[in-house]
Amino acid sequence: MDEILQVKGITKRFDDIVVFENLNLTVKKGEVVVIVGPSGCGKSTFLRCLNALEDIQEGEITLDGESINRNKKDISRIREKIGMVFQSYDLFPHLTILQNITLAPVKVKKRPKAEAEKEALELLERVGLLSKKDNYPRQLSGGQKQRVAIVRALIMHPEILLFDEVTAALDPEMVKEVLDVVLSLAKEGRTMIIVTHEMQFARAAADRMIFIDGGRIVEEGKPKDFFENPKTERLQKFLQTFTYDDEK
Amino acid sequence: MGFDVLLKGNNMMRLLEGVGVALKISLISVVISIVLGVVIGVLLALKRPVITAVFRAYLEIVRIMPQMVLLFIVYFGTTKALGLNLSAEAASIIVFSFWGTAEMADLVRGALAGIPVIQYEGSVSLGMNTFQTYRYVIVPQIIRRMIPLSINLITRMIKTTSLVMMIGIVEVLKVGQQIIEANRKSSPDAAFGVFATVFLLYFLACWPISMLSKYLEKKWEN
Amino acid sequence: MDFAVIQEYMPLYIEAFILTVKIGWIGIALSLVIGVAAAFVMHFKVPVLSRIAKIYVELFRNTPLLVQLFFIYFALPKIGIQMSAETCGALGLGLLGGSYMAEGFRSGMEAIPASQSESALALGMVKRQMFTSVIFPEALSLSVPAIVANVIFLLKETSVFSAISLMDLMFTAKDLIGLYYNTTEALFMLVMFYIVMLLPVSLIGSYLEKKARLATFGE
């Protein structure tokens, strides 16, 4: 019973457009699953469905045996167990860094403020941003904001973390500082699903790689096989777009 | 409810004439404001410190002084100070233009400053000369930003003309009062019908213009 | 200018000033309440109410305060709704201001990216928490420039109160001009008192705008 998340045959449609169809996925506790695929393949939408930010038309998603459904009354209680970090960081602009982090534990989990602040400071220290605690989001760089967003998700003690292209909006020199944090989380045995375009990072972080194209899982496997011996032609082609060959 | 008074004699006609007076004053003031505003706005874009400082002071006066107060100063004050016997209508046109010019000039200044430098550079790098840059790139963008805001100024002018009754101009509210006075005996409830009608007349004068301004703003949004 | 005259009328002006400021700020407080409520129902498209709010906003944004006051003060009593001039003044200002504030708050709410509510939801907030902790405060700080502009606008609009025979600053000035021909002094004091009333608001407003800008988006 160490399967924490189960996705059974889910289908997502926007009106007539099918984003993905009959997707299945099981994630074990402590597993790091990295999803890659071309833009518009539905991988981000898939991640959003896991947090019920989008409805699904068919199938079922369960976390710890509890079904995740957008229209459920207590969906917010289930969402507490799912941490999500977005591409656009989405810190709350009217709150300082510390307030951004403690807002949800205090308001949602009703934890004492002092305790939440103590933990927030520890986490900030860990990502190297303790000195920014009283700044406002707009005074931070993109990479710093994204690290804060990760802390904001961590402090809720989620059972699973979802990362949706967290470096896609960043300047190249800031990508590493964020990925280092994500990688250290992966190494300490957290359950995570990561959507990314950073192939080297994916290889370092993943326990299992998944390639989605055209709304279905085309290939999956251990990172070594996935990158070194891709079985399908589509994955081979996809991986080639990330290499530069001067012998054409 | 007192709407019947409006059907008596030429009462409705008189109310509409009152609207005409208000519209006339606002239109004249708007035209003056646009012309002077564009000139001052362009001068401001030159960023000469003296011009900017004088304009800041002017804008601040307009920003914090009620039009009503300005109206009193010009109407009552000039008579006393300059011995001029200004008509109420002239006084209101002066005040509204004074106010409108400040607003227009600030809009023009903002629109000119709001065009990113890259637009100029982009045009120049395409080989356009200064005239072409302005003619095909800058001016059309400014006009698109300006028109909705200037149209908006018209509705604000129209609404502000309601003040002129306070210095004795017979516009729609004043006509309304006169009608109510004259029919005090025969229809005691005239106040309701007349003022409801005046309310509606102002709304009908301003609302379509507001809608047009909103529509253009949406349409030309980048 | 005759300073004896100024001294003589000072108490009258102070009284008028207090009345103007009092009704002005009551009206402004009312306009904030009405504005938030109207913006809320319009933004969340509450059935029926949002329609009413829309009509209200259009009606009051497109008519002058003077006409609104005449309607409330002279017309409403004819259908049995009678209020004191002071109440009418505050109510009129509140209704006029509410329609402007509603537009300000609404565009503030519209300027908040949808991803903000999503990340609030992703943190496990329920709708109510999302509104009170994230959407409302953000909308508020985005609307600060609009609120400041509206407050100044509304304080200026108090100058029409004399039309419904409130003894405000304009009324007092007009009285002095009409009765005693002390035009210069009357106008001078009028201007001074309006400066006292509005300049601090204008300055505090600019300060608040700067502060609020820190808490908005924008890179």
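Observations on the model:
We call the chains A, B and C, going by the order they appear; numbering starts again at 1 in every chain.
Keep in mind that, in the parts below, a residue touches a chain if its C-beta (ideal position, glycine included) is under 8 Å from a C-beta of that chain, and two chains touch if they have at least 3 such contacts.
All values derive from a computational prediction rather than experimental measurement.
When each chain is reduced to the average of its Cα atoms, A sits farthest from subunit C. Each chain gets a centre from its C-alpha atoms; the one nearest the centre of all protein C-alpha atoms is C.
One inter-chain figure worth recording: subunit A and subunit C are separated by 46 Å, centre to centre, where each centre is the mean of the chain's CA atoms.
If each chain is reduced to the centroid of its CA atoms, subunit B and subunit C end up 20 Å from each other. With centres taken as mean Cα positions, subunit B sits 54 Å from subunit A.
Within the complex formed with subunit C, the residues of subunit B that make contact are 1-2, 60, 63-69, 72-73, 76-77, 79-81, 155, 159-163, 165-166, 173, 176, 180, 188-189, 191-192, 194-196, 198-199, 202-203, 206-207, 210.
Contact residues of subunit C toward subunit B in the complex are 58-59, 61-68, 70-71, 74-79, 152, 156-160, 162-163, 170, 173-174, 177, 183-184, 187, 190-191, 194-195, 198-199, 202.
By the touch criterion stated above, subunit C contacts subunit A in their complex at residues 113, 115-116, 118-126, 129, 133-134, 137-138, 140-141, 214-219. Looking at the complex, you find that subunit A touches subunit C at residues 51, 53, 76-77, 79-80, 82-84, 86, 88, 90, 92-95, 103-104, 107-109, 136, 138-139, 149, 152-153, 156.
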